[in-house]
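Below are two complexes that have chain A in common, paired first with chain B and then with chain C.
Right after this comes the complex of A and B.
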């Protein structure tokens, strides 16, 4: 049985791109014309889910799910995320409201964030110092120590790094539970 | 989404056209394919929550298209949810500018064939309306 990982984050953060970058199979997409270009200017948007698969060296398989990022699709997020090992939160830091989105999505996937089963990928970072300061302040305010990485969702090595961090965190959590 | 107000008025008028309100139709809803409500009408005293249902209809439509493609079936036209309390049918309307989803809720006991025929007539009516605007 495949280990389920879910990619979360707002529209345009790069979820579909990230899954496509690492999936062994053609990504299963549910895309429709984007009629809300005031929020994000792109031609299509995910309306139900994305799905990809990645085989690991140990023979295990990762099932990669992506949520639709627009908030009116939030009804489907728990359905897509059910039974997942954890989540990878992607954010487009070129958007002025990215830190608000960070807070929103951490709260939306609080069960993952609270157990350390969440890794954050920060996309389109132009001022790394400013972004790092925001992340540190956020960690202090919310008493959460979530790993974050600057990344490009088109680069498979970047996406794989996020997955590895998520899996290592899950293994550590498992070891701590056993002690 | 930004549709011209006059088009929205025409859509609402079309939804409220008495010739559409067959006895077995409880509600009709039109939304964009990315889940934004455009207009809805409730007949026979029924009620729906249009904002939430619009998002769900768009997800269902998107998933149905993908399921059809994965099964080797091209150009999905719509889908049906069968319940003990009646049928829910949705259909896709593609125009040059915008793609839409029409959702119809049919009463308990409705005949499938009759509901499908009725729904397809409505779908064609909306297609004509949206194509001509």
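Right after this comes the complex of A and C.
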């Protein structure tokens, strides 16, 4: 049975890069010219979704979906996320509004956040103490102790650590169900 | 873990003390460890009155020890007497090396404090949250602090340093606190209840502090739901003590732990998966990456 993981987060957070870093196949991208440079000043952005795959030894595949980060595509997010193992939320901490984005995406993928099936990858962190304090305050306010890691989406080991967190959560779900 | 040192004993006598401490260690409320000859253990066994490191307790040992002393042991040491004495002089439960260091570093306006820990100079620099050792690596630094009585880790014992020293290793405060607390089995045993439910309020930075798959699993479990130490140990295949020191370490590192009623977990969509084996294959695929990046 095929399983999937969704990469979520705002435009420019590194979703396409992260999928490309671990995918066994060339990432299927839907990049188009970015006309919304007020949000993020990069040349292109994903307009439909990204797709990558991890091939498992038993012949199954883990599908890696990257959602389009622009909020006007939010109608498509629950459709992509349905039936997934969980979501990997990527955030660019060099953006001043990253903590607002954190709150927005957690609310958008609340069913994953509430079951621990969400892990947060924090990209471009310059002051880890400051970011940790913000994350801790957020956890206290929202009563959500979601795993978060400082990472670089270009590094496959960093992206796999996020994936590992989702696998551990899924394994625990199975163990707790057996209890 | 609390330390016992001897002072002025012959090698064959030290061998006997070591063996006796090993036997006693598991039978007392706190963990005890023999850490060699010296004057800076939590307890120092000595044949005569000696000036000790602040915070250390002197136990006079001899065939006819001075009975006016508070703590005495007849030589040869009888194991039951030794155990009774350790119970009697077990340090106050409110002290642990980790909490003592946290307390020392709390005042961020203080620039630095240099202390003598197990014969090594350690520099606690609170403005940048780093701790330095004069000579040795990260492990030596942790070891030096662990072998110092918690009560001696205080600004009062500051060593004035006039010349400029070269510090050979450095560790972040949080990583140091984590490593100290994970070894304080005796302290953790006193403060955490086996059957009470606990839940983490925020995520501990274990990928930096202790990148270990079992601890990763434990952190994920405690982030998901309130669960007892006994149950968590069973699920994660760890000892109860390891779970206790994990919670103690979280607490010391500022990751709040909430005591609450044990709750049932909110299970995710993975339970709908027909083939559980797929997760095993997925882990196999990922673990190779985890191994590369985290040395397991």
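Quick note on the criterion: the second predicted complex is superposed on the first by the 174 of 179 C-alpha atoms of A that agree within 3 Å, B and C clash if a C-alpha of one lies under 4 Å from a C-alpha of the other, contacts with A are read in each partner's own complex, and residues count from 1 in each chain.
Here is the rule we use: a contact is a pair of C-beta atoms (placed from the backbone, for glycine too) under 8 Å apart; a residue touches a chain by one contact, two chains touch by 3 or more.
Note that the structure is a prediction, hence the values are computed from the model and not measured.
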With both complexes overlaid on chain A, does A:156 touch chain B (first), chain C (second), both or neither?
second
Touching partner for A:15 - first (chain B), second (chain C), both, neither
neither
Thinking of the overlay built on chain A, is A:167 touched by chain B (first), by chain C (second), by both, or by neither?
second
Should A:116 be classified as contacting the first partner (chain B), the second (chain C), both, or neither?
second
Dominant contact partner of chain A by residue count, chain C or chain B:
C
Can A:48 be said to touch chain B (first), chain C (second), both, or neither?
first
Look at A:75 in the shared chain and tell me whether it touches chain B only, chain C only, both, or neither; answer first, second, both or neither.
first
Chain C - residues contacting chain A, complex
129, 199-203, 205, 207, 216-217, 219-225, 231, 235, 254-256, 265-279, 281-287, 289-290, 292-294
Which residues of chain B touch chain A in their complex?
1, 32-36, 51-52, 54-56, 58-63, 65-66, 70, 98-99
Which stretch or stretches of chain A touch chain C in the complex?
1, 3, 22, 54, 56-58, 60, 62, 83-86, 112, 114-117, 129, 132, 135-136, 139-140, 143, 145-149, 156-158, 160-161, 163-165, 167-177, 179
Over in the complex, which chain A residues touch chain B? Could you list them?
28-36, 45-49, 68, 70, 72-73, 75-76
